[in-house]
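These are the structures, in C-alpha cells.
Note that subunit A is present in both complexes that follow, paired respectively with subunit B and with subunit C.
Up next, the complex of A and B:
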C-alpha cells in the first residue's frame, strides 16, 4: 500500500521550462507563455497534470504527423512551438508582474494560463493594456466576461455554471427522488458560487426539494468529522460538493468510512480528478462531473472524436503512468484552439506569423474540435467558450483494477450553458431560457 | 442520539486532535519562551514521515500484521523529533535565547517557510495516503450515527499525551528541574542544572508532539503541501485561550474550541470560523493572559 506518489512531475516541468530560451521568438517559432500552478495545493490536482498534458501535446505537434487531422500539421502552421512555463503560485499581484515579464521581456506570442479565478480577474485588463493575446484555459468564475469586456482575452473552457446545471439535470433525467439536498463546499468564491449555481438549478428542476444544511469549511480544513455528523443527521437525499484536491480526498476518506455515501447520494461537481489517487477508495455510485466531457467521460464517449481522444489519452498514459483527468483536457482544448486560430490567421494574412490583433480576430467566435468535444466561442461576443458536459456514476471494476464511469449522460453545450447576453444567475433564476437539450 | 450528544462527541473528537497539536506548542513556549511558528511545519513533516513509513511497512509485508502500522506512525514522530529537534534547537534557536520575542517569532517563521520548501523537495507536490490505520479499528455506532473507531483512539492518545506531559512535569525529578528552569534559568544554572540540555529536551518533546499530531492525522487525510498552515493558526488560538505555557490550559482551550466549533457546525454553520476566534476574544477580554497563565511581573 498505498503511499502514492504520482510521477516526478516537477522535475519534468523544470525541464520543460528549459525548452525555451530568453530571447524573443523568431519568425519560424511561435512562443507561448504558459502559466499554471507548479506548487501549492492546486498543483497536484490541476497545474501539474495540465502542463504534463500541454508539454506532451506541444512535443507531438512539433514532431508533426502524430495527431489525427486536422491537427496533423507541424507546430502551429509550420511554426515551431516554444514554451516558457511560469508558476501561478503567489497571488494575483505577482501574476500581473509575471504576465508583464512574459509579454515585455520574453516577448511571447501568446499567453495561455490561469487556474485561479482571482488571477483570471486580474490579468485581462493588463492583457488589453499591453495588447497581448491571452487565453484563460481553466478558471471557472463567470465574472470574467459577465462583468467585463476584453479585446485580447479569450476563455477556451466553459465557465463553472455548466458543472452544477449538469449535475441537477443528471438527477432529473435519471429520475432521482430528491426531496431534500445539502452541501459541503469550500469557503471561498469557488465553493460559494458552485453552491449558488446548484441550488439555483435545483430550484428550477426540483422546486419541492428542501434545502438542508449548507456547510462551508475553510479551504484546506482537513478535518470534516463534525461536518459529516451534521450531514448524516440531516439525511438529505443528495449531498453536493464542489470540493477539489486534498479537501475532496480528505472529505471522501472520512465520509465513506462513516457511511455517508450509503445514507445520501453524493454528487461531486468536479470530482473526477481524485480518482487516480483514491482508486477503489472512491465508493461506487458517486455521481460526478469533470467540468466538461473530460477524463473517463471522454474515453467512454466514442464517436468521431474518439481517435483524437485516444491519441492523447494513450500518449499521456504511456508517458506518466496514469490516465488524464480534467486538467490536461482543458489545456489540450486551449492549445488546439490556439493552433486553429494561428493557422486561420496565417491563412488570412498570407502565411506569416500573426500579430496579436490578427490572432484575436481569428479567435473571436472560433469553433474547433478537442478531446473534450466541439468547442464554440459563443458567449461574450465570441470571447467565452461553451462546450458539452458529461456526468456519470462511479463503478469500480475489480477485475481490471480501475474505476469506470457508468450511466454517463452527455449534455449539449447549449443545454447547460446560458445563451449569449445573459448572466448565469439570471439564466438560472428565469428557468434556463433558450436552453436546447434535445 | 440527540443533538447535544452529537455536538459533545464531535467536539471531543476535534478537541482530542487539537490538544495533541497544541500541547507541544505551549510546552516549547513555557520552557524556551519561544512562540514556535515552525510547529506547523513539524506537524506536516510528521504527517509526511508517517505516510512514508507506513507505506514502507506495508510494502515490506506489513499486511500480515496491520496493527504494526500504529507503531510506524509513532516511530515516524520519534524520528522527526530526533532529527529536526537538535538541528533546529542547537543549530539555530539557541543563538536567539534572551532576544526580543518578536525576533524569535520571525526566526521561527523563516524556519517554517524553509521547511515548507524542504517538504516539497523531499516528498514533491503529489498527495500521500495511508488509509489502513484509519479503518483498522472499525466503526462505533452511537445512536443513529456511525463514527470511526480511530477517532476515539485519537481522544485516547490525547489523554495519554496530556497525562504523560503533566505527570512528567509535576511528579518527576526531571519535571521539577524543568519547572525550575522555567521559573529562573540563571538561578538553575548556578545550582548545577544543565540548562541547554533542558532546552534541547523540551524542544525535542515539543517537536515530537507536533509530529505525533501530524502522524495521527495522516491516515484520515490526503497529505499534501500546505498542511501545516491551518494547523498552526488554530493551535495558536487554543494555547492563547488556555494561557501560553500551560498544559492544562491547552486541554481546556482545546475542549472549548472543539465543542464550540461543533455546536456552530450543527446549529449555525455560517459561524464556524468566527466562533473559534469569538471564544478566544471573550476569554481574552476577561483573562488577557489566558485562562491558566499566571500574571508575571516584568523585570525592568
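Up next, the complex of A and C:
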C-alpha cells in the first residue's frame, strides 16, 4: 500500500506545482532572462563582470537619455527592461531545465546568456523547439552554427577562431621571427580548439615554424611547475596560451618567476581579463587579445565610437572601482544588439511589443555599433556575428600605476573571421580564402 | 494477496503520475520527466543501499546509456525511443556484468571509491575524445515513438508518459526483487554479512545482481535524460552527478520505492526555485535544505511511510 500513499503525496505536489503560476510580463515591460556564471571558476573572470556591466547598462537604458545616440531612447523602444538572472554554474543539464523554466514559467521575452560552449550547444535546439528568442553572448565554439542551424538563436559575438587567427596575424605583421612555437592550454574543448586554431593559422603564416610542444594541463590545475620546466627547456620563440581566469593568473605568476617571458614571447589569446587582478605582476611585452576590441584596446582605439565607449567605461569604473575587461563589453554588445532589434521590430509592427518571430526576423543580418566596434550578423544566414579584433602588447605605466596596451593592431572583422558558408577549420586549412585585410 | 496489492498500487501510481501529463504546465512536466529519469538511476543505488553498499559511480551508467543512445542515433539514424532504450540498457547490462562480480568483492568505502574511479575513467576518456565533442558534448535529435514524431507539447507529453511507464514498471519489478528470497538476503547482508555467508547464501552473488540491476537502471535513466535534454556531455559521468544520485537515495532511504521518485522530484523543485529566487546563493539554499532533511529524517523520506504503518498496527 506504500505506493498509493506516496502517490497521494505526489498528487499534492503536482497540484502545488500547477498553482505556482507564472508571473506574466506586462505589455509595457520587456523581460529578459540573463544566464551567466555567478559561482564557480568562470564567475570571477567572466560571469560577474559581464553582469555588472549588463546591470549598469539596463539601469542607464531604463532611465533614458544616459547613453549617446542612437541608444538615447528609454529602455527598449520605450518598454521598461526587467531582468531575471540565473546562475550558469551546474552544467548543461541544469541549464536546459533552467532555460525551459525561464521561457515557460517566467515567460521572458528574450534570453541572453551562456559563457560555456557546452551550454551553447545544448540550448539552441531547445530554444527552437520552444520558439524562444535567444542570444548567446559570450561562448566561443564555432560548432554552434556550423553543426546546426536555428531559427530563434543568435550569437552576437564572433566565435573563438578570430582570437587565434588575430594572434598569428599580429606576429606576422609585426615581423616577429618565429622559428618555433609551443603551447600550454587547458585540457578541455576550449583549450584544445584554441590550440588547433592557432597551429592552423601559424601553418599558413609561418609555414616553416616548428611546433615544439603542446602541453595540456588539466582544467583548474593551478600548478604549472613541470610544464614551465618543459617550456624553458624547449626554448620556443613563442609560447601560446588560451588559459583564462585562475589558470592564466597561476601560469603567468609562476612563469615570470622563472623567467619564461624573457626566453620566449608569450602570446595569450584571451588574456586581457586578468590585468585588473595581476596589475604589475603581469609582465611587460606580453602579446594578448581580448576576444574582440574590448577593454584596454577599445579605450585606446578612439574614433567615432569613443563617446559610447567612454560613457560605459566611466560609469563602470565609477560603480565598481575597476576598469571593464572583455566580459562586460560582450554583454554590452549583446544588449545593444537586442535593443536595436526590438526597436527595429517595433518600427515594423506599429509599436507593440514584438513577438519572438518578429524579433528573430529583425535580428537576422542586423548591424549595430557597440563599444567593441561595428557588429554584423554576417555568418550562418544572419545568425552569427562577426566583429573587429585587436591585439596589443602589455606595458606597465609605473607613473600612473596602471597597465597599458601598446603597439595595438586593429583587425577588420572580415580579416580574421571566415566568410559566410565556410567552416572555420576549412578556412584555416585553405589559407584564409576571402579574407579582407586592409 | 501481496501481489494483487502491489499490482493495484502500481496501477494507482501510474494513474496519478499519468494525470500529470494533463495537469502540469509545460515547464513542470519537463522537470518531472527529468526527475523521474534521474530517479531510475537512484533506484539502482537504493537497491545497493539495501545491501549496505553505496555506489558513488552511478554516473558511469547514466553517461554510458546517454552516449550509447546519442552515438547510435547520430551514426545510424535510429530515433525510436524504445530501440534506443533497449540498446543502452543492453550495453549497460554487459558493462555492469563485467564489473559487477569484481566490485562485489569490496565493501564500504572501497566499493564507493572503486565505483567512483570507474566513472571518472569514462569522464576522462570522453573529455579527451574531441571527435565526439570532447567536454562540449553532443546533441541528439528528438525521439520518435514507433514511427510517430511529435513536436512541442505532444512530444513532452509522450516523453513524460514513457518515463512514467518505465518508472512504474521498474519500481514494481524492484519491489518484487526486494521482497524475493535474493532481495531479503541483500537486506540481511546489511545487518550481518558473515551470518548470511554461514547460512549458505553468497553475498557476492546478490551484490553482483543488485549492481547489474543498478547498471541497467542507470543506462535507462541516462537514455531518457539525454532524449529529454537533447544534449549529452561528459559531465554525466562526473562525480558531482553521481553524488547527486547518492543524495537522492539518502533523501529517500532504502525502505520505500516510491520515496525515491518523490525525493528526486523534491530535489529538482528545490533546486529550480532556489535558483530563481536566490541566484547568488542557490547552492547555499540547496545545502541547507539537504542538511535539514538529513537531521530531521535520518532514515529518509521512506521512513515517514514506515512510521505511519507502525503507528497503525
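Observations on the model:
One rule holds in what follows: the second predicted complex is superposed on the first by the 416 of 438 C-alpha atoms of A that agree within 3 Å, B and C clash if a C-alpha of one lies under 4 Å from a C-alpha of the other, contacts with A are read in each partner's own complex, and residues count from 1 in each chain.
Basically, a residue touches a chain if its C-beta (ideal position, glycine included) is under 8 Å from a C-beta of that chain, and two chains touch if they have at least 3 such contacts.
Everything numeric here is computed off the predicted structure, so don't read it as measured data.
By the touch criterion defined above, A:430 reaches neither subunit B nor subunit C.
Using the contact criterion defined above for the overlaid structures, shared-chain residue A:397 touches neither subunit B nor subunit C, since it reaches no partner.
In the superposition on chain A, contact is made by A:101 with subunit C only, not with subunit B. In the superposed pair of complexes, A:223 makes contact with subunit B only, with no contact to subunit C.
Touch criterion met: A:259 reaches subunit B, while subunit C stays clear of it.
In the superposed model, A:39 lies in contact with both subunit B and subunit C.
When both complexes are overlaid on chain A, the residue A:352 reaches neither subunit B nor subunit C. Looking at the shared chain after the overlay, A:85 reaches subunit C, while subunit B stays out of its contact range. With both structures placed on the common chain, the touch criterion links A:187 to subunit B and to subunit C.
Residues 1-10, 38-39, 187 of subunit A are contacted both by subunit B in one complex and by subunit C in the other.
Against subunit A, the residues of subunit C that register as touching in their complex are 5-6, 8-10, 12-13, 16-17, 19-20, 23-28, 30-31, 34, 127-128, 130, 133-139, 141-142, 151-152, 155, 171, 225, 229-231, 233, 235-236, 238, 241, 256-259, 261-262, 265-266, 268-269, 271-272, 275-276, 279-280, 282-283, 305, 308.
Against subunit C, in their complex, subunit A makes its touches with residues 1-11, 13-15, 17-18, 22, 38-39, 84-87, 89, 91-94, 96-98, 100-101, 103-106, 117-118, 121-122, 125-126, 129, 141, 143, 147-148, 187-189, 192-193.
Of all the residues in subunit B, the ones that touch subunit A in their complex are 3, 6, 9-11, 13-14, 17, 51-52, 54-56, 58-59, 63, 120, 123-132, 134-135, 139, 144-148, 151, 217, 220-227, 229-231, 261-262, 265-266, 269-270, 272-273.
Listed in rising order, the residues of subunit A touching subunit B in the complex are 1-10, 38-41, 43-44, 48, 187, 213-218, 220-223, 225-227, 229-230, 232-233, 245-246, 249-250, 253-254, 257-259, 277-278, 281.
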